[in-house]
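What follows is a short report on a single structure.
Going in written order, the chains are labelled A, B, C and D, and every chain counts its residues from 1.
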Amino acid sequence: MNNINKLKIFNDPIYGFVSITNPLIYDLIQHPYFQRLRRISQMGMSYLVYPGAHHTRFHHALGCMHIMQKTIQVLRFKGVEISDKEENALYIAILLHDIGHGPFSHAMEHSIVEDVNHESISLLFMDKLNREFNGQLDLAIKIFKGEYHRKFMLHLISSQLDMDRMDYLKRDSFYSGVAEGNINSERLIQMLDVEDDKLVIEEKGIYSVEKFLVARRLMYWQAYLHKTSLAAELVLTKILKRAKELTQQGRVLHASKPLQFFLQNKITLEDFNDDVLYTFSLLDDFDVISAIKEWQFDDDFVLSQLCRMTINRDLPKIRLQAEKVSKEEVIALREKFKTEYNLSEKEAEYFVFKGKIKNQAYNKTGEPIHILKKDRSVEDVVEASDQLNLKALSKPVTKYYLCFPKVLLEKAVI
Amino acid sequence: MNNINKLKIFNDPIYGFVSITNPLIYDLIQHPYFQRLRRISQMGMSYLVYPGAHHTRFHHALGCMHIMQKTIQVLRFKGVEISDKEENALYIAILLHDIGHGPFSHAMEHSIVEDVNHESISLLFMDKLNREFNGQLDLAIKIFKGEYHRKFMLHLISSQLDMDRMDYLKRDSFYSGVAEGNINSERLIQMLDVEDDKLVIEEKGIYSVEKFLVARRLMYWQAYLHKTSLAAELVLTKILKRAKELTQQGRVLHASKPLQFFLQNKITLEDFNDDVLYTFSLLDDFDVISAIKEWQFDDDFVLSQLCRMTINRDLPKIRLQAEKVSKEEVIALREKFKTEYNLSEKEAEYFVFKGKIKNQAYNKTGEPIHILKKDRSVEDVVEASDQLNLKALSKPVTKYYLCFPKVLLEKAVI
Amino acid sequence: MNNINKLKIFNDPIYGFVSITNPLIYDLIQHPYFQRLRRISQMGMSYLVYPGAHHTRFHHALGCMHIMQKTIQVLRFKGVEISDKEENALYIAILLHDIGHGPFSHAMEHSIVEDVNHESISLLFMDKLNREFNGQLDLAIKIFKGEYHRKFMLHLISSQLDMDRMDYLKRDSFYSGVAEGNINSERLIQMLDVEDDKLVIEEKGIYSVEKFLVARRLMYWQAYLHKTSLAAELVLTKILKRAKELTQQGRVLHASKPLQFFLQNKITLEDFNDDVLYTFSLLDDFDVISAIKEWQFDDDFVLSQLCRMTINRDLPKIRLQAEKVSKEEVIALREKFKTEYNLSEKEAEYFVFKGKIKNQAYNKTGEPIHILKKDRSVEDVVEASDQLNLKALSKPVTKYYLCFPKVLLEKAVI
Amino acid sequence: MNNINKLKIFNDPIYGFVSITNPLIYDLIQHPYFQRLRRISQMGMSYLVYPGAHHTRFHHALGCMHIMQKTIQVLRFKGVEISDKEENALYIAILLHDIGHGPFSHAMEHSIVEDVNHESISLLFMDKLNREFNGQLDLAIKIFKGEYHRKFMLHLISSQLDMDRMDYLKRDSFYSGVAEGNINSERLIQMLDVEDDKLVIEEKGIYSVEKFLVARRLMYWQAYLHKTSLAAELVLTKILKRAKELTQQGRVLHASKPLQFFLQNKITLEDFNDDVLYTFSLLDDFDVISAIKEWQFDDDFVLSQLCRMTINRDLPKIRLQAEKVSKEEVIALREKFKTEYNLSEKEAEYFVFKGKIKNQAYNKTGEPIHILKKDRSVEDVVEASDQLNLKALSKPVTKYYLCFPKVLLEKAVI
């Protein structure tokens, strides 16, 4: 395939079209590692609340690249020098920033692998691709790791106002139909500038930043941490935990080979050699959901119950509250289930449990969002805002939950 | 025209279609008093900043009626009893709530009439229409005046979360293209309920309320009080003031008869008899803009200068700041202009002046936005919010401005 | 769960909200048969062209119900009598009209089952649900089968301007981003009426009907029959054919139990007893894609090749043309591949083949789209149109294709 | 003002933002000749049918420039060489292509001036501006006149698929809410190319072209030639005709000076010297509507009647039909009105009259829309389409109308 044919466009209902502007980008997108992202949903189990939320990490990554293109155009227009080499590196870095996500990431990070976060795996994939592409990803990796001297480039990839957040808020809002989560990424981008190697927002964009933070906060509570999404994700984590437990006990569960590999082995970051990475690259939402579909009919009561809850959307209840859930309440409720369904303590823990969730709309301790004043001085957005509400938004909100099933089901057979 | 033909629909790019559901509503819309609203822009001079903002009070009033229809549907679905008579009264009241607006309302309220606000004039129009329609507006007027025993109906018409605000934020955002001002009125409406004769929002809608308040705040600073909109509106006020001043001195300015009437007479609320009301009903944006177009060529230097600034969008500068503008600075600047253009003190005051603007996203002293908790208790949204930012939003923000022209222009001739 | 809690709303980015208006509808949606539709994509393999096209038959069915609600509201407003019982039956019928779809329907209809179309299976599901729900689906089934005396109700469910088409065109256009496919369903619905038991469109809606037909035609050629979608679907059909062939030869392929059942047995409509139906109800996109993911590593060269083409989006080329593809060309091309890759004739047929596709924007022989003239006479839209283009649109367009791989791949191992 | 400050952006709800990319463009937009377009509505009287249709020629011209920017980007990406000088000339030409429009163009072209079309006046404005800007518009004017050797540049400005049409269809559809008129200009632009100095569309864009033509046709019949819009425009023409007639008889009507000038003088293209052009530049919608508002109270029965019809939206009826309206019917109807209202024949002709309107979705005799086939041969879109409907669309459709008032009104007084 010659290079001119690699300058493709993708349809995107959000931006109209996303263009591929060089052959290397095309080759990276065509790579099986990247094509895999077509089979990893961006919002995990949220489609059980928002039936339209089936968009993928593939589409999100393309979207990020698109707004990176727009951003570079704006910055150059304002006189920020960005070389062609840097430009390409930024596209590669943003395109691949999420490539390490496994199926249903958060559930996976604590069950399929052992506390390996997706950023580390993204980096492993980048290194592997860099070898395949003869070092053409060098600069992208340098930026991604924060080792490049122009720090604002890292902040385009990863910060509190990066391309990633701008695209996912817009995209998640669009596909789920949670209209309030929509942000004006186009205006935010128009307001971006670089001052003293910092990514900054022009002062007149301050209301848009506020709006962006409020939208993000709303998306957290209304979509990502919605009670039903949360219930579904917690059940999923329990399913994988149970499956791993049974596997460790010697059971061989129906599952795809890659999934079986991760159930049978405790994989830490150190174990991630090229073979493991390749096996990981074969894993996506389809492995997990297909396994759950099979396990509905497993003989293990706990496993089959949890799987049927997921497949038939018969999810447990979640009670959310501002105060901690008392240990006593959990114990009492568990006792009730133990008696009623004749469960062991260990089994009951899979059905009745507590925990907490936390969100912070703006993180004051990390790299701040910088506001560029008219005199070209730079200030943290929290200081620049004319009201106290941004200070308020930087206070983390913690909520506590109690999760328990409405009722357990009859055994199913196939 | 028979009644069935009065059940018309209007196209609305925002809601798709707006339906007229009874013949009386049709007749009110057809009335010249209401048709006049087609010639009164909703956002005044803001089109000088946002070229799309040419939508009218006519369209806004139809939009309000439309969301009132949706709201009544939701409330009835939740078991709130609303009789057919009350339903119609609510449509009439919301349809006519803004009928008293004159051209460029705020400018007008302090120049064309003498401190008569548009709500009072709306009521005069309603009374007049009620006589024409044989008392069919009785209940609507009662609700509008707050004299009906079911108070939540007043709050549908006028409160911090009324149909008016829901429509104008959405509409102004849509036509101006200030995307961040868009609110999810559909979701807000779905969350409405009535408890203990109070209009309330279900607890799960609290993030939408926050978003609504933040959007409103953003629209104030980014659109309604945008520096250029503000400059244009201030110049307009000065134009009308100067025109009135010259008229009082005996000059007869080119102007339509209705406009001349209001320039020649000081009209207070007491003076507003049926004749005055009729003359007022002949007045709209076209009278004002046409006069300004003529006055560009007037012999009075001040008047012609100000008019040309408006017509050619050559507006004065505005400096906005958190602190008061010092008297000294204004005097010094005025001196400069007096010398340079050979102006009297009085003349110079038309060009160089200071003032302040204020906005409060949420008013804690008025009727609060009520949140309906799961146990059906009712709480002020500021108390119910899990973070401090709503408290912050209820603090009024004041900004001070200094307005002065870049340069004055050569005399124009026609 | 009491009945009031069953009156839920769903978010829909297209319509805002979709409401469930009675408890039976809620129970049907909650049923595993219906929840299964969450795992069946509406546009099959089209996401390989349009990365956003991951919406499901679940969402589509809800959308259809929503516009049925709007339609009934409009028809009643115009004086068409529809009883509450009929109303509910219409909701049920439209909700379930597609419930018989299997994964990747068209591929499935000729491989997984033996020429059993999805409508027949929908009816089997409805009958089964009717038994479970004690006959509450009687009227819905009667309408669906065309046995109810009020024929216009059938046409709301199934005709050239039914709720199904209005929703899927709008939805497919929305999620894929093929903006031209968007139709103004709201306007079409506003124009619907019933005359002489026929579903009709008011004359002033004729341009909207034209636009609807042109949009549908565009969606066929630009999305549903897009070269890449077509290639992907053809490959999928070949995969299932090969899998069935190997299974018949005694191989046991990795696959979920339900999929294995359909590979091992030739199931015709007569075989579809309750057990088969239940097994069918366990089958969705996940079974098929997961199997393909496994089969990438199968020892059978043909099967593994085809599977890898799909998973890595390395699809064969399609040449589309107006004239038939000659047998000679196919043979010659096959020979080339046979030699190059050492394939048997039978194997080569899986890679190099020809066929045809057909689309007809308007079908003149079926139930026409009726136009209601001002004098309330009814005319076929083709006659009523003032230009010839609708006649043109009723001419079927056939295109012929030749499909062949760019190159075959190295064997993969896991 | 220094040049960097002239690189402004405008909000546009359709495209997000429109950028000014060079100082000369800024200066042209700031010029009073161009600012005047803010006061000229794009859709004339259509707001009487579509209440949102208040957008202006100013916004349209900016929109055209925006899509010209996109187009040039696409063409350059495909290897078409366009110099910076040519680029700027294209922006200027498209920006100014409509600057010659007067208020309510079509009404005006046959009443205010004597058969002077707006293109000629645009050229006069361009020449005048070129003198003011020292020849910087030379190339733009050359392109606009079709005198530049690269013909495809003219076709970007003026052809059956030019920037003008792409913007106005999209914009008129957006603001009016006639959703079916929306076109996918972004896709059309992506498909543009230049072959053999012809502007062409890639073959795969053919369905988009069809959709574009069908959308344009729909906008004609549903918006531009909608019965009520047509009635309003015909009444407006009659008003201006009557005003001119009365003026010629020696009456001095209330009107702005520029409007009076054009009522008192018969201005042909030859008369258009700089002074006339300047007077013309002072004329906009406000002059016309304000005059009509005054003339409601004029003593002339015909004039006041027609004006009140417009202001109160009490428009005459229009009967549209495929066959000519017979002279006899018109005479009979006129007699009725003459008797009933005691009118002379001449007066009655203002109220009862017939005429015809015509639309042709695609003009086969003009410059065709060219399709670029895969082998880079070029074909007229009508030949390239796989169905006959484009041939159908190139047949002009003529409709005949009869216009007459429902009733005439009582005399009004101010």
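Note that a contact is a pair of C-beta atoms (placed from the backbone, for glycine too) under 8 Å apart; a residue touches a chain by one contact, two chains touch by 3 or more.
Since we're looking at a predicted model, the values are computed, not measured.
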{"item": "Chain whose mean Cα position lies farthest from chain A", "value": "D"}
{"item": "Listed pair (B-D, A-B or C-D) duplicating the A-C contact set, over half by residue number", "value": "B-D"}
{"item": "Chain pair with more C-beta contacts, B-D versus A-D", "value": "B-D"}
{"item": "Chain centre separation in whole Å, for chain B relative to chain A (CA means)", "value": "43"}
{"item": "Gap in Å, rounded to a whole number, between the CA centres of chain D and chain A", "value": "50"}
{"item": "CA centroid of chain B to CA centroid of chain D, Å", "value": "31"}
{"item": "Shared interface positions of chain B, touching two or more other chains", "value": "16, 179, 186-187"}
{"item": "Residue ranges of chain C in contact with chain D within the complex", "value": "179-180, 182-184, 186-187, 207-208, 210-211, 214-215, 217-218, 221-222, 322, 386-393, 395, 397"}
{"item": "Residue ranges of chain D in contact with chain B within the complex", "value": "10-14, 16, 30, 32, 35, 38-39, 47-52, 54-56, 58-59, 62, 174-179, 256-258, 279, 282, 286-287, 289-290, 293-294, 311-314, 414"}
{"item": "Sites on chain B touched by chain C in the complex", "value": "7, 9, 16-17, 77, 186-187, 190"}
